[in-house]
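Naming follows writing order (A, B, C and D), and every chain is counted from residue 1.
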Amino acid sequence: MPVPTLTYPLLATLAAVLMPFLAFLLTAATGKKARNGAVSIAAISISLLAAAYVFAHVWGKDPIHVQWHWFSIGRQAFHVGLLVNNASALMLLLVCLVALPVHVYSTAYMKGDPGIHRYWAYLSLFCFAMLGLAVAGNLLLMYICWELVGFASYLLIGFWFTRDAAIQANKKAFIINRIGDLGFLLGIAILYSGFGTLDIQVLFGTDTPAVSGTGNLTPGWFTAAGLAFFLGAMAKSAQFPLHVWLPDAMEGPTSVSSLIHAATMVAAGVFLLARVFPLFDGTVLFVIAVTGTVTAFAAACFALTQYDIKKILAFSTISQLGFMMAGIGFGMYHVALFHLTTHAFFKCLLFLCAGAVIHEMQHVKQKLGHDFDPQDIRNMGGLRKHMPITCATMSIAALALVGFPLTGGYLSKDALLVHGFEWAATQHGMALAVPCALAVASMLTGFYSFRLLAKVFFAQPAAGPLTGSHATLHDAPLPMRIPMLFLAACSLFPLFTFHPLNDGHVWLLRGLAPDATLPPLRLLHFAIPILATIASVIIATVTWRWYVLGKYPLKPQGALYRLSLHQGYLDALYMRAIIPPLMRLSAVLFWLDRHVVDGFVNGLAAGGRALASAAAWADYRVVDGLVRMTGKLALGLGNALRRSQTGRVQHYLALAFFLMVVMLLYFIFARA
Amino acid sequence: MNTHLLTLLIFTPLAAAALMSLVPSRGKGLHKYIALATGILQLVLSGAMYYLYRPTEAEHGIADEQLYQFASHVPWIRLDMGSLGRLEIDYAVGVDGLSLPLLFLSALVMVIAVGASWKVAKSVKGYFILLMILNMAVMGVFSALDFFLFYVFYELMLLPLYFLIGIWGGARREYAAIKFFLYTLFGSVFMLLVIVGLYFSVTNPATGAHTFNMLLMMDPANHVPGSVFSALAGQELFGIPARLLAFIVLFIAFAIKVPIVPLHTWLPDAHVEAPTPISIILAGILLKIGGYGILRICFGIFPDAALQSAWWLGLIGVVSIIYGALVALAQRDLKRMIAYSSVSHMGFVLLGAASFTTEGMAGAVFQMISHGFLSAALFFLVGMLYDRVHDRNIYHFRGLASVMPRFTVFVAIAFFASLGLPGFSAFIGEAFVIIGAFISGSTNGILPEWMAIAGSIGILLSAAYFLWTLQRMFFGLPRLKGGDAWAAALRADASARETLIMVPLIGLALLLGVYPALALDHINTSVLALVEWVNKVR
Amino acid sequence: MITITHFLVVGAWLFSIGLYAVLARRNAILVLVGIELMINAAILNLVAFGRYDSSLYGGQAFALFAIVLAAAAVAVALAIILNVYKHHKTVNPEDISDLKD
Amino acid sequence: MDMQTIVFYSLAFAAVFSAILLVSLRNIARSLFLFFVVLFAVAGLYLFALADFVAITQVMVYVGGILILMLFAFMLSNREMFRQLQRGTAHFIAIPVWQALPIAILFLTVMLYTALHVGRNEPPWITASREAGTVIRAADNTVEQLGVHTMTHYLLPFEVVSVLLMMALIGAAHLARKEGDA
């Protein structure tokens, strides 16, 4: 393999990936003194510039594909490779675009934290891993980055490591992600056994992808490979039923949640599936579509009743990831990636706004000395007057989430729904349930988004800490406001198209469009956006009446309500049905180990000892007795033997008779 | 190429031991400095050998002398035994890509162990002399090419270990020492029978006499026709093919060392009772001797039997992986948990070796090296904690991260490296074992795919127990069983000496994880030769 | 029909019991009794086999001699035991180990 | 089973059982009485071997002589010794038991084996005597025959025994004399 020539785009890619890594090393080496994060911010800025350069060079043009020899096993060489095609270039840019505002935001948000030097180090490590994941041209390398982002996420979730909930959450996140990692690893193993290479370009490239055939694989294993990769994506992208780690992961700093657990890392699963897309056959795609839909629907339901502002957003993230997965399942990975992009902006923004709110609530808490949960929306209300910019930006983000016209979300989500119906038309009848469920989930999205907005900003504050203490509330400081405004701009339509109502002109979709498309249903392209918008307006009105005007009609004690509040009791199920049996199994095995396996060994030892003491006894009584008798026999023979003589008649007699018996026996046997 | 380098490496510790015995016990500091100097000298020597080694493709598989470098071959014992022929025992040593990395690992771990022994107070002289004898035996085991020589070193290893555990160990040291001793002896006694059988089955084509030379034993051309272990004769013992029986006997002997489930119970006891440096040596080197023996001797001399039993070996590997991990999950003693995690991690070695694919086998060797560094680091870390408060119970600590930040960083790195975080060596080892085991199904059909899948569950479980420990002991608000006294004792974070010991271990694990070619370039030719050697028998 | 075996078996039992008494008992009198038992067993064998010798009556004649000799032996032995007791104040042969030098 | 056999078995049983009891009892006096039973039973057994004179002699000499001698000799001697005899051995299960018992059992086994062997293959001289008809019959006058043979064929042994008896008597008398008389 010749050493690849270093072109400028290639260098830029390397710089984009490696700058955060350098920042990580520098920050880690500096230790406690690296408090202001200048190194990290500089690094991510350079990365952003480099990524923009790479994007300009790659988008719509030839991809960069290079590889260096890394190591060989046997005769098989493994490479470190880069593959920057449209999708990775987009991802590269997107990550940088989201990461920079978050970095800036963090300078204010994390100010004064005693462990802030760790924060910057971890954040840079994450950026490095995430950017590496985006450009990795080799599944093994991708896997490495994949685990590293998980590791960075582990570190950041548990950033406040003295909080019990945080460290429980990061452990849970890592272990559930490990399940996905196993899927990824097995997928790699299957592909490697089938095709003998892990290079993405060779496997799934445009020219003659290796996986156009099934290699050495049986169709069963081929499907299994697809499912294995999907398992990996399920854990990382928090798909039902492996989503339980993501709500808990909100224990990390909000800035981290916005970057990792909303915009980038959790979307990595979708990105992975888009990268290995040619691998999926019909079965796998169907499974993906259904899982995505279930996730989207279930998470939306769970989000309806949460009180923790971050949890609502977390479930919303899960729900949106479900939408993306469904998009992959429909075969429309370009739409999924588009939604990934728009979602990254608006969801990141939502978290940042939530962070600003929490920040203020924290101040109130400190000032008043009250003990209340600064993240609980029941303690908030009426913040619109005090935090107008936050209110405005968050509203924009929420509208994008709901899919209101003029936002990016409108374009991507409606495209997804349309494709869902188109896909259902190609499948058998029951498949129609999938896009319908998605549509319902989309309406639920509207409901919980408006509920959130209404409760936090518009409704009168309930009898809580905020009554009478308004004077202390004010908008977020400048370093937090600028990133919010920037992201708000990115959440609107102009970034993607000049035609705000039609997704047909989005440059992003054109750049990524797959070869095979679904037969278009023209009517849907008009009907669905209109219907969705109307539904959103209705929902907005209803929530306004319920929450702002205080005409809430439901009781919070219903079974469905509780089911939703407790997230379908899934977590409880895991805690009861999986963890304790596993711990019991391990305890039982340990018991077996100590008592049966080791007991056997100790038993052998005890047996040996018993045998030995028996032998010693026999030695003393029988053998030695014989010896003593023999000694008596040799009575007159010498001093040595004389000592063993008893001089007792009976002993001599015994000896005599014994010898006689022996003699008799000899005669008997000699005769026989 | 310098042929005396290897001999020098092996016998330097013996000279050091002799020197130490001349130094009076009162000269307390001197012994450890001699030991340290010896260790560093060995490290330099083995490093030089590692650097000078040139991987060459062997034409005749692993029986080819070309493969073994730094070889020296001197007649040692020649005895005319009348009708039994001439006894031919040679001092034959040499290294290939299988043993050289392990040799380097041993040299490094020995230095670490000497560093960890710095605070030993009980009869220092005897301690370091025993350590040096152990050192020599270990080096000898990895480089011996004569089976008799191998056996001598193998048995020689036991004695110092027995005393090191039995005298300098913890509360139940005698029990642990005797258990360890008997377990190993049980394996090696039967090994001796096989050695003798092999001796009478193999002749040296050059002299016509029976020989103990391993390389000659490997080649079926040297087998005496009709002898008990001849590859062609197909003799049977107790109704089992003799070669299979011999393979099983040898395998059990080495598997006890690895250790495999259910022959592992000496390991937790020995580790828990042994002093920290000996735990480091046990985990870092001794376990590898088992794996090395299986690859070099079991597979090398009995490739046919190895193929026959490969499925079972894989199964044992998988069982060890999962069983070790599950039992580790139930531990309260930190050292015992790490001991069981060793069982689990060494299971990967067996699984990879049993796959008989280059990927799996190279992964297995790599895993051995990686585990050598990491388990040494882990046991050293436990020792650091134990030195300070004389307690290892996981439940007695909480929030150590706030008390000892530097120590916690080391522990976290070691834990994550051990649970297979990419970027560290364990990941490469485990990933390729899994890949190797998986492709075995489609390439040579030895291991079914489910074994790879089951093995990968071990990776998941290892994350569970390591993270649980991390969470339980190190995170959260500080709360120690010993109260302020402990807090005061623990306030002394990792000292300069301890940092100096940890950094190379973690650094090497990281280096090998990032650039595995460092080890794999050396391993490759030997593994390829071995795999082809075994596959030739099919 | 009483065969010779019957006698031999009874004789064997008596002899063994006597032997046991001689070897095991710690009392000289009982040792003596044991000896008498063994002699009786022998006599029993003598008379049993003597049935097949009507020409010379060897069995019965020697049985008579044996009885007489046994009686004499007992007389002497008792005398010895008495003396021994006077000397050692015990009749336990275990305690009398004068044969040892 | 005829009457004869029953009587034989009961006598044999009485002899053996009493003997076992004899050796296992701690009380010497009782042992001696059991010895008395054994001697009587064995005398009875002699009758079955058609040795009536031997049986009578047995009763006369043993029961009338030896046993009485034993009893009287010690019961009439000093009290201290009698108590000592009464107490017997202090530890019944002593080491010699474990040496003696195997030897006794070994002997028993060997002899039983031999007895059965003799029963199965008769010694040739018995067969010859049976064929020649020189087997003692119940009708024979054993006393007369014995007297004749003792005075003729066994004269020498008879004389030797008488001398021996004389020596024993003198010896016994010598031993039994009071201390200090010599």
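Assume contacts are C-beta pairs under 8 Å (C-beta built on N, C-alpha and C of every residue); 3 or more make two chains touch, one makes a residue touch a chain.
Everything numeric in this text was worked out from a predicted model, so none of it was measured.
Engineer: Please tell me whether A-C or A-B has the greater number of C-beta pairs in contact.
Structural biologist: A-B
Engineer: Using the mean of all protein Cα atoms as the middle point, what chain has its own Cα mean nearest that point?
Structural biologist: B
Engineer: Just how far, in Å, is the C-alpha centre of subunit C from the one of subunit A?
Structural biologist: Using C-alpha averages as centres, the distance is 100 Å.
Engineer: Can you give the whole-Å distance between the Cα centres of subunit A and subunit B?
Structural biologist: That gives a centre separation of 35 Å.
Engineer: Between subunit C and subunit D, tell me the centre distance in angstrom, where each centre is the average of that chain's C-alpha atoms.
Structural biologist: Subunit C and subunit D have C-alpha centres separated by 6 Å.
Engineer: So the centre of each chain is just the mean of its C-alpha atoms; given that, what is the distance between subunit B and subunit C in Å?
Structural biologist: Centres of subunit B and subunit C (C-alpha means) sit 76 Å apart.
Engineer: Multi-chain contacts only, two chains or more: what residues does subunit D have there?
Structural biologist: Each of 96, 99-100, 103, 107, 114 in subunit D touches at least two other chains.
Engineer: For subunit C, give me the residues that contact two or more of the other chains.
Structural biologist: Residues 19, 23-24, 94 of subunit C each touch two or more of the other chains.
Engineer: Which subunit B residues sit where two or more other chains touch them?
Structural biologist: Residues of subunit B never touch two or more of the other chains.
Engineer: Looking at the whole structure, which two-chain pairs count as touching?
Structural biologist: Every pair of chains in contact is listed here: A-B, A-C, A-D, C-D.
Engineer: Residue numbers of subunit A touching subunit C in their complex, please.
Structural biologist: Listed in rising order, the residues are 642, 645-650, 652-654, 657.
Engineer: Report the residues of subunit D in contact with subunit C in the complex, numbered from low to high.
Structural biologist: Residues 4-5, 8, 12, 15-16, 19-20, 22-23, 28, 31-32, 35, 38-39, 42, 45-46, 48-51, 53-54, 57-58, 61-62, 65-66, 69-70, 73-74, 77, 81, 84-85, 88-89, 94, 96-97, 99-101, 103-105, 107-108, 111-112, 114-116, 118-119, 125-126, 129-130, 134-137, 140, 142, 145-146, 149-150, 153-154, 157-158, 161, 164-165, 168-169, 171-173, 175-176, 179 of subunit D touch subunit C in their complex.
Engineer: Considering the complex alone, what residue numbers of subunit C touch subunit D?
Structural biologist: Against subunit D, subunit C makes touches at 1-21, 23-27, 29-30, 32-34, 36-37, 40, 43-44, 47-57, 59-65, 67-76, 78-80, 82-83, 85-86, 90-92, 94.
Engineer: Give the list of subunit D residues in touch with subunit A in this complex.
Structural biologist: Those in contact with subunit A are residues 96, 98-100, 103, 106-107, 110, 113-114.
Engineer: Show me the residue ranges of subunit B that touch subunit A in the complex, using the header's touch definition.
Structural biologist: Its residues touching subunit A are 179, 182-183, 261-262, 264-266, 323, 326-331, 358-359, 362-363, 399, 401-402, 416, 421-423, 427, 431-432, 434-435, 438-439, 441-443, 449, 452-453, 456-457, 459-460, 463-464, 467-468, 470-471, 474-477, 515-517, 520-521, 524, 527-528, 531.
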